[in-house]
Amino acid sequence: MSIAACFRLARAGFTLDVDLALPGRGVIGIAGPSGAGKSTVLRLIAGLEQAEAGRLQVNGSRWHDGATVLPAHARPVGMVFQDARLFPHLSVRQNVAYGWQRIHPAARRVTLAQAIEAFDLGPLCERDVARLSGGERQRVALARAVAVSPQLMLLDEPLAALDATRKDEILPYLARLARDFALPVLYVSHAPDELAQLADHLVWLQDGRVRACAPAMQLFADPDSPFNQREDCAAVIPARIALHDGRDQLSQAVFDGGALWLAGLRHPPGAAVRLRIAARDVSLARGTPTHSSILNILPATVTALRPHGPWCLVALAVGAATLFARVSHRSVRELALGEGVSVYAQVKAAAMS
Amino acid sequence: QPPTIAAAANQQAAMQALAAAYGTRTQPAPRLVFGASGKLAAQVRSGAPFDLYCAADGAYPAQLIADGLALPPVAVFAQGRLIWWSRDRALARTPLARLDPAAIGRIAIANPRHAPYGARAEEALRRAGLWPALQSRLVIGENVGQAAHFAASGAADAALLARSQLHSAQLAGGHWSEVDPALHAPLPQACVVIRAGRAAPQARAFLAWLQGAQARRILAGHGFDAPGGETR
Amino acid sequence: MSPEDWLALRTTLTLAGVTTVLLFVAGLPLAWWLARSRSAGAVLVDALVALPLVLPPTVLGFYLLLALGPAGGIGQALQQLGLPALAFSFPGLVIASMLYSLPFMVQPLRDAFAAVPAGLLEAAATLRASPWDRFASVVLPCTRRGVISALTLTFAHTIGEFGVVLMVGGNIPGATRVLSIAIYDHVEALDYAAAHRLAGGLLLASLAMLLPIYALNRRRGLAGGAA
Amino acid sequence: MSPEDWLALRTTLTLAGVTTVLLFVAGLPLAWWLARSRSAGAVLVDALVALPLVLPPTVLGFYLLLALGPAGGIGQALQQLGLPALAFSFPGLVIASMLYSLPFMVQPLRDAFAAVPAGLLEAAATLRASPWDRFASVVLPCTRRGVISALTLTFAHTIGEFGVVLMVGGNIPGATRVLSIAIYDHVEALDYAAAHRLAGGLLLASLAMLLPIYALNRRRGLAGGAA
Amino acid sequence: MSIAACFRLARAGFTLDVDLALPGRGVIGIAGPSGAGKSTVLRLIAGLEQAEAGRLQVNGSRWHDGATVLPAHARPVGMVFQDARLFPHLSVRQNVAYGWQRIHPAARRVTLAQAIEAFDLGPLCERDVARLSGGERQRVALARAVAVSPQLMLLDEPLAALDATRKDEILPYLARLARDFALPVLYVSHAPDELAQLADHLVWLQDGRVRACAPAMQLFADPDSPFNQREDCAAVIPARIALHDGRDQLSQAVFDGGALWLAGLRHPPGAAVRLRIAARDVSLARGTPTHSSILNILPATVTALRPHGPWCLVALAVGAATLFARVSHRSVRELALGEGVSVYAQVKAAAMS
């Protein structure tokens, strides 16, 4: 179960040269600056762009190998373009049904009604697509792609025009889709929170080249990965729900290094979760803090210090897990932080998702 | 199988009457195609499926025979007459020789290049000395039928036409006079059987009938003179 | 209307129908190719397709007459095969009409096809539509106006054909005597009543045919521009 | 080529040029209105514009001669104004050509205009472009293919005009004797050499004219479809 | 200096009915769920949509008043649409120049070169717009709108397709534009951080109606405003830079209630700044915490408690300023929080921008 993609393509002022080895399931986040070639990679995988040289193998099927190129319509993908590209001559329902009708009934894993329901398109069903708002168009494009029961999802910034509430509804749906159907989802996004919430694997593109390509956990844990160079860097820690406190609506999650109190989870005890702990939500102390609203205080060892402009990113070992804290240079000095120093990491319960 | 007859434009009314009279339960009426004599001859050369060709002039049939496209002999079944027609009574009654070119607007004639009536009209105007003055006033119909249409519609003020066209109600509102036959060569209505025709026997039968008494009467009624040239 | 005129009407409609169907079949792939190809040859084909537009029908008629007649290349070839000559025959007229109306079919189709956004075709491809399917389910519906234009223009232009028919068709009742020629004939015979019946009838019938086509086209067509 | 044929060539080109210019001026606003209007009246206008397509030139020619002649409505009106009659005159031919070629100008323009995305015009409006400016700076360049089509179709169709001219022109050298008629004359008079000179010359000249037009159109045109 | 906009418009299944009184300068953020009518309001203001009834007055000019309607091209706006709407027949430079050429030279406040420079379009200038990436298209649309030197900017999610780095470049530029030219900027966005960073005034639309319309400070300070109902709610506090510590790259900002240490600011002492303090970045303690990497500890009084699902949003008075803290229900209980209770608010320096 894997995806191997190797492409070379030259345009005026831009050369793409990538060789990607990706897992064959889960959400694969693709990030990078504007014009890096993210859309181009998705187009190559969908068969919409001709590489000068290329090789593409998806979960055992060769889609592109030397002169043998599977045409776009024969590739079992579901694609959402950066612009919605709805069919102007069809209604919302007909747009969603377009691809669905073209796959073998036995291959259908979602009904048309489910696809429409998942993106709350019921009330818009008979609408002319010219009369939709920006976010509505994007939801139609998503439903249309999901309805073909693809074996590979290619999503090019699918949630850019959606408000936070909608995003919170659709993101888990996409994650479920990837999990339930053991489906690889290539997900291009500029939003780090979307990627941290969804991605199992991450790719960072820049100037047509792959700058990083590794499991999401690993890249999130690496203070030098391109994903951790910005203000919003975060650690992602796999954990298991241990118990649930109904009164306070708090859950305790245990991980390889301790336990954390979490709020807002509806997972039953025993469920596996991923904790995302932003560096800015972690503060450090030398003594055990008391009388604080901070619930989670974990003993940790400093493993690395990286100056980030005015900040200092502190990597911490908490058992086998890595946490980040972003502190000021003054704190570094006052707390006398250095590699190997033992500290208490204070994590606000509120900072996990 | 009825024969197809290609006939000169001025014979249109007469031929239709002739065909109607000829057609019976045992022998179907011939199919008729009309046009300028020259154009029909050109079509014969291009393989048009005609059985009989009736021109407004003897030269075209003779040339077809000479070129091996038609079978001799040439049968002249009537003589045509050129007339001077106008809505203006005084104008119509003025002999060509005495016309004042300045007093006339547009004059319609058939195309001299492939319609015999047009050629005779040009000849008459030249002989009457009117050609240089009138040349720029001429409007040219593709054939004598169209020349008549130009005049009948009122778009042209006068026209040189065939007497055989006067049968039409459209020309009834005007006046006419005969053009002096001395001003132009005669207009023998001449017929030949086409070599490539597929209904040659029927064509011959019709041709024979055309030269008979019944046909003569009909032709005379339509303004044709007898083939010998005697008047009605 | 006389039986002869009815016959002319039948000949005309048959000719227009046959020409339109044959040209549509031939014109679709040609127009698609012209719309998408970037090869230099396409320019030449573009110009050749447009030629019948620029040429008077008499030029076309003249050369067709020479080609189809007993002396012409096609005519002689047919003769040697024992086939009837095409000049002054219905099949000959169909060939002439197809040549004459070719740009009326191909140009509106080509222009409409060229205006279909490539992005829509790509989207359709990722939704499993094969090239043929994309053509039928995206290109044709999105270019409905162009297709209707091409069909009506071709049909109409064939009905209105006169010059070429006059030269290569002659005026053979039941075979090549079409309406336009029949009206011409009536006018020359000074039979204005018959000309009025035929011309006026055709005028009203045409209007009656065009009104529903345009009403339909308009009702469902304008949304495209709003997108 | 004889002086008469040169004259016919000049008459033909003048007629086509004048007709194209006049129809372009009249056709632009009409086509724009037809492309954007949703009124019921537009359907009728659509059908009326298409009428000359469907009608044989002989119908048009027949009624035009009746109308332009002294007995017809237009003819009488002109006479009362003391103006010269239009029948068998160049101005009359221009009127006939404009009627005859009207759909060739209006339909391609209308279809091209209807396909311009409303969003682009809105964007132009927020960038200070007045309606006229939007038309000139967005609609026309975006519909360049349609505009070129309309112009070439109209010009070409007027050059190719035969039936109407045959019926209302009267074959007057220098005024109404156009190329198509001249070629017809040569063919019917069996002067094939003259017909060849005229028809063949026209064929080559047309091809020479069309090639650069399509080369230009193609070079700059296809990007539109890719957007 | 004000904008008064009152519109009524009915569509199948949607009715817009708004009466907005907005300031005549500064950035006015417009938010609300997908399909709320945000784009429709911008279109009405631009004159692209006909209201059944409406009145619109912008800084003294009547743009719409009963039957008198200023046509769209006569309104001095600069608009960026949700879809880029670039002219396909023009190059990138020609697109940017389109509106610029149409205004009076005397009215030009930016040169073409400046507009191109501001969005880094130099290398793309001669490019065909069909050959741009999604983010590149959006930048061209922005430059095109800026180049008409508008008196009112209408921006419909202008940064949705841009990566964080680009956003960080363009947001300050837009803020500067609004300030330097005393220009009102109507800014539709789904991103709360963009709004908090930019907006001086905020509008929340829902189902075609105005749910909130007030100065941004006020709405950000109100625990009941629609902007504070989500996980990412934050307080925004106006302050002044007091001193700058070059070694640690820390600045101290004083506000009406105390002083805070900030990092990453390049403002000189004396400059006015807006501090944004996310509720999740504030923790509470009853005693004075010690030995913590948290630099800022402010005495505060609880003014309100609002249950937010599993969380509790705590509004705090710190002098005249309002701060928010989001804590778990357990913390509320353990710290015995209630209205009027005095606490210490711990604010991570890292949490300000």
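Going by the order they are written in, the chains are A, B, C, D and E; count residues from 1 in each one.
Operating definition for what follows: a residue touches a chain if its C-beta (ideal position, glycine included) is under 8 Å from a C-beta of that chain, and two chains touch if they have at least 3 such contacts.
This one's a predicted model, so the numbers in the text were calculated from it and none came from an experiment.
Chains that count as touching both chain A and chain C, per the definition above, do not exist in this structure. The fewest steps needed to get from chain D to chain E, moving only between touching chains, is 1.
Centroid to centroid, with C-alpha atoms defining each point, chain C and chain D lie 18 Å apart.
Each chain gets one centre point, the mean of its Cα atoms, and the points for chain A and chain E are 26 Å apart. For the pair chain B and chain D, the distance between mean C-alpha positions equals 37 Å. Shared interface positions of chain E, i.e. residues touching 2 or more other chains, are given as 83.
Shown for chain B are the residues in touch with two or more other chains, namely 45, 142, 146, 149.
Chain contacts: chain C has residues 65, 119, 187, 224, 226-227 touching two or more partner chains. Under the contact rule stated at the top, the pairs of chains that touch are A-C, A-E, B-C, B-D, C-D, D-E.
On the chain E side of its complex with chain D, the touching residues are 43, 46-48, 71-75, 77-79, 81, 83, 85, 87-89, 98-99, 102-103, 128-130, 144-145, 148, 154.
The part of chain C that touches chain A in the complex is made up of residues 119-120, 122-131, 133-134, 137-138, 141-142, 144, 223-224, 226-227. Here chain E touches chain A in the complex through residues 11, 13, 31-35, 39, 82-83, 123, 131, 133-136, 139, 156-157, 160-166, 190, 192, 230-232, 245, 247-250, 261, 263-264, 279-281, 283-287, 289-295, 309-311, 325-331, 333, 335, 346, 348-351, 353, going by the rule given at the top.
Only residues 65, 68-70, 75, 85, 87-89, 170-174, 177, 185, 187-192 of chain C touch chain B when the two sit together in their complex. Per the touch definition, chain D reaches chain C in the complex via residues 35-36, 38, 42-44, 46-48, 50-59, 62-63, 107-108, 111-119, 145-146, 149, 152-153, 155-157, 159-163, 166-167, 178-181, 183-184, 187, 192, 195, 198-199, 202-203, 206-207, 209-211, 213-215, 217-218, 221-222, 224-227.
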